[in-house]
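Next come two complexes, and both contain chain A; in the first it sits with chain B, in the second with chain C.
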Partner chain A sequence: MALISDPRPVAVDPDDGGAAAYPAGPGARPSYPPLLLLAAVAVALLALVPLGFVVGYTISTGWAETVRLVVRPRTADLLWNTARLTAGCVLLCAVVGTAAAWLVERSSLPGRRVWNVLLVAPLAVPAFVNGYGWVSITSAVTGYAGALLIVTLSYFPLVHLPVAAALRGLDPGLEETACALGLSRWGAFRRVVLPQLRPALLGGSLLVALHLLAEFGALQLLRYATFTTAIYDQYQSSFASAAATMLAGVLVLCCLLLLLAEIRLRGRARYARLGGGAPRPAGRTRLGRLTVPALAGLGALVALALAVPLGSLVRWLVTGTSTAFDGRVLAEAAVTSLGLGAVAAGVTTLLAVPVAWLAVRHRGRLSTLLERSTYVGSALPGIVVALALVTIAIRGARPLYQTTPLLVAGYAILFLPRAMVTVRSALAQAPPVLDSVAHSLGAGTLSTLRRVTLPLVAPGLGAGAALVFLAVVTELTATLLLSPIGTRTLATEFWQQSSSLAYGAAAPYAALMVLISAPATWLLTREPGRGTPR
Partner chain B sequence: MRWRVLGAAVGTAVVVLASACGLGPGSGTELTVYSAQHEDLVRVMLDGFARETGIDVKLRSGGDFELGNQLVQEGSASPADVFLTENSPAMTLVSGQGLLAPLDAGTLAQVPPQYASSGKDWVGFAARSTVLAYNPSLQPERELPTSIMDLAGPRWEDAVGIAAAGADFQAIVSAVVAVRGEAAAQAWLRGLKANAKIYRSNVAVMAAVNSGEVRTGLMYHYYWYKDRAESGGNSADTELKFFGNSDAGAFVSVSGAGVLKSSRHAADAQKLVRYLTSRSGQEALVDSDALEYPVGTGIAANSTLKPLSELDPPTVDIGRLNGPRVVELMQQAGLL
Partner chain C sequence: MTSLTVDGVTKSFGSTHVLAGIDLHVPARSLTAVLGPSGCGKTTLLRLIAGFDDPDAGSIALDGEVVVGAGRSRPPQRRRVGYVPQEGALFPHLSVAANITFGLPRRSRAGSTRVGELLELVGLDAELARRHPHELSGGQQQRVALARALAPEPSIVLLDEPFSSLDAGLRESTRRAVAAALTAASATAVLVTHDQAEALSLADQVAVMRQGRLVQLDSPEGVYRTPSDAGVAGFVGEAVLLPAEIRAGLASCVLGSLRVRWPRADGPARVLLRPEQILLHAAPPGGEPGSAGAGRDGAGRADERGGGEGVEARVRDVSFFGHDAAVRLELVAAGTEVLARVAGHELPAPGSVVRLTVAGDALAYPPT
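Let's look at the complex of A and B:
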């Protein structure tokens, strides 16, 4: 039920059975178990490190120097490039994603199950692999138009998924009433359905915009400069310097503005309803003569988003002149990627537990604040997080510098929000009243945990871990900056090869990343609205 | 069942990470090298070094200034023993901070003095020449510029490809600053900002010239020779213009090697730099497919290359090329 971008449940939680779960009334203070609180505060602080770093760095750099570094021709170029790409892509994704969702959910389109999978499948192809697939067959996709095409193809499922889920959940009664009162089909869609899709549409669009601000690999391949690629260029020509960090500051500001804009646009309207509504699926519009064009349109979309990059990838695998790749390096990189993914998934999910526990079982202002702070990472591009961790480690935490734990910490900050969404909803399914029942039946604390709570929350924890794992395996920017000496992952090896245009040599790494991503993406189509892949 | 699989995965991961962190069964000494040179070339040379001495090497690859500035920020606590660059300015940066140890006299004696720093704390181990690649079907040979400075003129709008963010291009800019002075370099960069198309790497520049996306491109010689030797896929429709005449565009850039003062394996680190500049190290470079110029005394380059002695480069003190200033100038011009 919860929207893909919005982890806060819309409906009333089922955990109101225990006294501790009641929201604190005026005057009453919720009681927080001290150890749990300590853990949750630590996690929240970790999540806030990069933001604090950028703010602190800017203050310590001083106004004059900041102005000198930020106010220059390049920043204006980048701002313009970033803004027009974001605006164009969000608009296109909203139109394409909504149209596709409507066709699949509300029209007589044949083959709906297949389309459902095919329209989400582009998420299994990381944007930089998509960019590589295109740019290695034609250089016509460089520049604004090409970048817009490719990021749209990569990210439209982020709108399609929540909008499709929202369409499924709508009460058909409202539409029928509107039609009965004299509105045309289109009029009913525009005046009744579309307003109800607003949260899903805005949430999806926000996700697309945040992904774009963070996108590095695809845009670098397509020679389209944005803030993120420029920060990396600065890093390459001056390491973690003031110039790079100041650009990062501007980028963070853009991300925060986006978040604010989304909150404002969503408005105060309430979308929840009481009761289940009419318990039947909505009627489907007959496409009639439009069936063929609709099929052709979706077919073209899938061909561009999937067939082209995957076809290009296969072609490079088969024919690449530079395919004399080292099987040992490939295996080593694959094992490192899987290992890092597994460790980061475990750590991140564990970190999410105390915060989610407080948020679910000890609701109050403080626990809400702690929970919200863990979501900051989802708005921060990987390059900003990495830059912050490198500088902090080199200046004040040397033992962590260039170590795997620091890289894992970076992953945790970036992907904590994904774990939080699922862990929180899993914990909500294990209301404290069940603990009380178990206690009353004579079970001890440990045995209650083992026999009641864990079995209830395990699937949620697993799903959260899977989402984090998926994100880590295809993460590029933070991995490039933070990986310890000698650590090579699929993403970094792919990047190195494709940087010197050794497209054939890069292909096996890209193919493995797609193969690893595919199962988790498949799961997403079965449980729509469960999480937010990046 | 799922949990058992997950457990096994985590277990494997921990083992892998532990061995990646060096907790596994280790060998004796291991040198840590920060290298901005092409990884395939460096690995060939390091393999030769390991065969000759039995010393293993751990490699951190990155860009010239990325690693150079990283060394400066790490200071005396750096894990690096040896620093290898693609171009000299980053070496000069690290040397200027007093982070490099003096090299053994025997090492310095293996290379002519113009390829080593006057401060005797780093030495060249490879050289590369600036070239202008051009597509003859779009850019007639007789209308090529005679100087790299011409490329800033209005005739070259959208006609030059550069890899502005790369250390190679930045080294070329530092040569322009050294030969023509800062004011002229500044004007030249402003012209390039208007004229140039920016690419990610030298290979991408060459590929763009080859496909006719842009008429000419500034880069180093060996990308072209290497591509011609492999398949010509990115170079078949291109030719090279060497500027010669002591023009700033005929700049020959030197890849440097130095030992960090803070190295805890100083003797082995000195051995590595000595090997890189020795006859066997230089021959390994010549025999590799890198096609860069060797700089060791008496070592001949691969015969397909235009001989180093015919390049007529400008006289530039490679120890004085100022990288950070170049980055500033490029930022002012809006190229970075």
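Let's look at the complex of A and C:
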């Protein structure tokens, strides 16, 4: 799974932002255009393939065999390893991410803009590159402590980003009201601010946990066994075996439990700002004598998360060039990666359009259900999606096995949620009332599409495609399993070199992936929602 | 410009009957306000006229030419209606000039003098032509939306609550500018609104809608002075409704014996008064019976029970609006609460006792 923050459903409630609902009469049943509905159903079914595969496989295996395959000491080991790494990392990320967000957004810390970028920048370094950076300098990072350190450094921005955004959007009036009601500053933070941060904190933590369950590259390099690495090893040794699929089933169960837990914890409370009026920017707490320790702390965090892996990468680039890497192979891998990224981005965005269109323009139970189904892929680790597609291809669609279309389908399932979120908000930029106005001014359906809808939607579609593109270029796990024999991408080449300890030869591939990820990461640091609405 | 005729139009969404047979005629070059509470079907009616939806039954004709009816429907792009939705709905990716010329044929879009003319017509500076919608205030956006609707010289202009998103100060000036522009363009217009002040002050005729039916079609003065039933009366303005007994053209109620316009048959009824018809007079000092009140012309009948003119009432509270004030009163004898409207410079003190007389005629409706 790639590393730019997934805009998963936890971050976006699909019931919000649909204010441009079609002005039909009260109690009107949405009527779904049949062709659009057909397309949307097809997309939703595609997104549900991996989950359906795991469930179907488990059922067809039978209860006794399933128990025999799952209830083993090995499973318990893996469960324990996965659970303690997930729990530890989520906890650390929550603390580090919230503290950093508070320092940047609500304290008098100097250099706020720079910190804002530096604290998100680790997202540009895929976790497996981070792991490579560390393990290629010291083998002390193998095992639980090292794995915990490295995944935390890779994933804390996933908590930092939403919490910082929540702090930024928080109405200072709430805090002032709490103080006016007699609470101390700390009391106001604890009883008013912290509860308001809950959705952001929970959403970010869920992202971290899902990324961890899916993480393969970094943990494999650090020799820390979890479900994902075990499934991969199992797959390598015995191909698409029942054991691998059963492990995948347990992993999927973990993911679903996490999703459920997050929904339960989030509860039904409203955290949105009530009432109108523009929120004012909040006041900042003076750090005073604590400024230096705060700066030192953030500095250390950035050094560990950025300077170490990037420094190590540069060192290998300089010294390791002697390891004679082939410029031609590098160029070929780069071209393949970019091409796959472009194709997958186009396909995925295109797939998102009918579902998002139904969700925005024809709201109803069915369209909501279809929309939600496309989010399932984001909760599934890349290894599960890949395993499902491989097994299905071998069993039922042999000609698809080891082909680029199957790989692209895998990418589409994995990254559909990213495209959905942006395409959905892009379509909301073109409310139906604009169509009505255009019609009344004499423009027909096609003319309206060309002159009104497309110009308004195009930037959003482009952004969605860009997000998918970047995710595909740095995707490792599914690519390893699904790419046709002989296809070399940046990620697979990097993996081949670094897992055979050719650290110098791996460096140029890693460097290219970081360079390609950087612009998207920079986009994430821009303060959202304050640009001109053009 | 064109007249509009709506004939027996019905529309349902699922099992909800939104329009239950609407007949409406809008004369050419006039502004008709469709007034009703939210959910009464007025926006649906507008969308049917524009052609965004089709009616289940009935027909709509522009200048006698049927645009929808008998299973045939002309699409909105060929009806030549101008449409001004709530909040303007300007195309956000186009400049003001491009928005205004959107509906013009391609060759007359660029270098058209029409943009300047239209901006002037809606009372906007020609400088604004190069701006984008997000650089305009809400009122300016609304005026540009009107200019855009007027640009292709539509047969009729439809305005869907165009002022409801504006704040009070802007709303009044925008209303006046829009009304002036519509008059200058000698446009036929239908304005949908839930704001009675807006309907009464802007329109040539007001169509009051309730639960999918058109309950009254009249001049603004007509719907206010002679509402067709008590519900309309309460919707188009504040109303004082009192139980009464009609005898020989006079209604006797707690405010005395009132002259009734259009007398009903004798028997129980409800009478309607507007708060501004109830006049306040200072009560005689000490409440001595027989001493003259400070009444003015005394258009109301004398009350037999009190000695002076009018009925005694105690002032409960006063809502002061500057130009005038609403005074809530409790009749001393009957305990009934009534509302009076007085000019802002003669406020009674809360708790004081005054005398009430009634100016003008009352309207009588059947008892509930």
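One rule holds for everything that comes next: the second predicted complex is superposed on the first by the 492 of 534 C-alpha atoms of A that agree within 3 Å, B and C clash if a C-alpha of one lies under 4 Å from a C-alpha of the other, contacts with A are read in each partner's own complex, and residues count from 1 in each chain.
Here is the rule we go by: a contact is a pair of C-beta atoms (placed from the backbone, for glycine too) under 8 Å apart; a residue touches a chain by one contact, two chains touch by 3 or more.
Since the model is a prediction, treat every value here as computed from it, not as a measurement.
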item	value
Larger contact residue set on chain A - chain B or chain C	B
First, second, both or neither for A:Gly486, with chain B first and chain C second	first
Partner chain in contact with A:Ala225 - chain B first, chain C second, else both or neither	first
First, second, both or neither for A:Gln234, with chain B first and chain C second	first
Touched partner set for A:Gly442, first chain B, second chain C, both or neither	second
Chain B versus chain C as contact partner of A:Gly464, first or second or both or neither	neither
A:Gly249 touches, of chain B and chain C: first, second, both or neither?	neither
Partner chain(s) touched by A:Leu456 [first = chain B, second = chain C, both, neither]	second
Sites on chain A touched by chain C in the complex	23-29, 429, 431, 433-434, 436-444, 451-452, 455-456, 532-534
Partner chain B, residues of chain A touching it in the complex	72-74, 77, 139, 220-221, 223, 225, 230, 233-241, 243, 321-322, 335-336, 338-343, 346, 394-395, 398, 401-404, 458, 462, 465, 484-487, 496, 499-501
Residues on chain B engaged by chain A in the complex (per definition of touch)	2-3, 6, 9-10, 12-14, 16-17, 20-21, 32, 39, 58-63, 65-70, 72-74, 77, 79, 164-167, 170, 198-201, 203-204, 207-208, 211, 213, 230-231, 233-234, 324, 327, 331-332, 334-336
Contact set on chain C toward chain A in their complex	11-16, 18, 39, 41, 43-44, 47, 50-52, 75-83, 85-86, 89, 91-93, 102-103, 132, 134, 148-149, 151-152, 154, 158
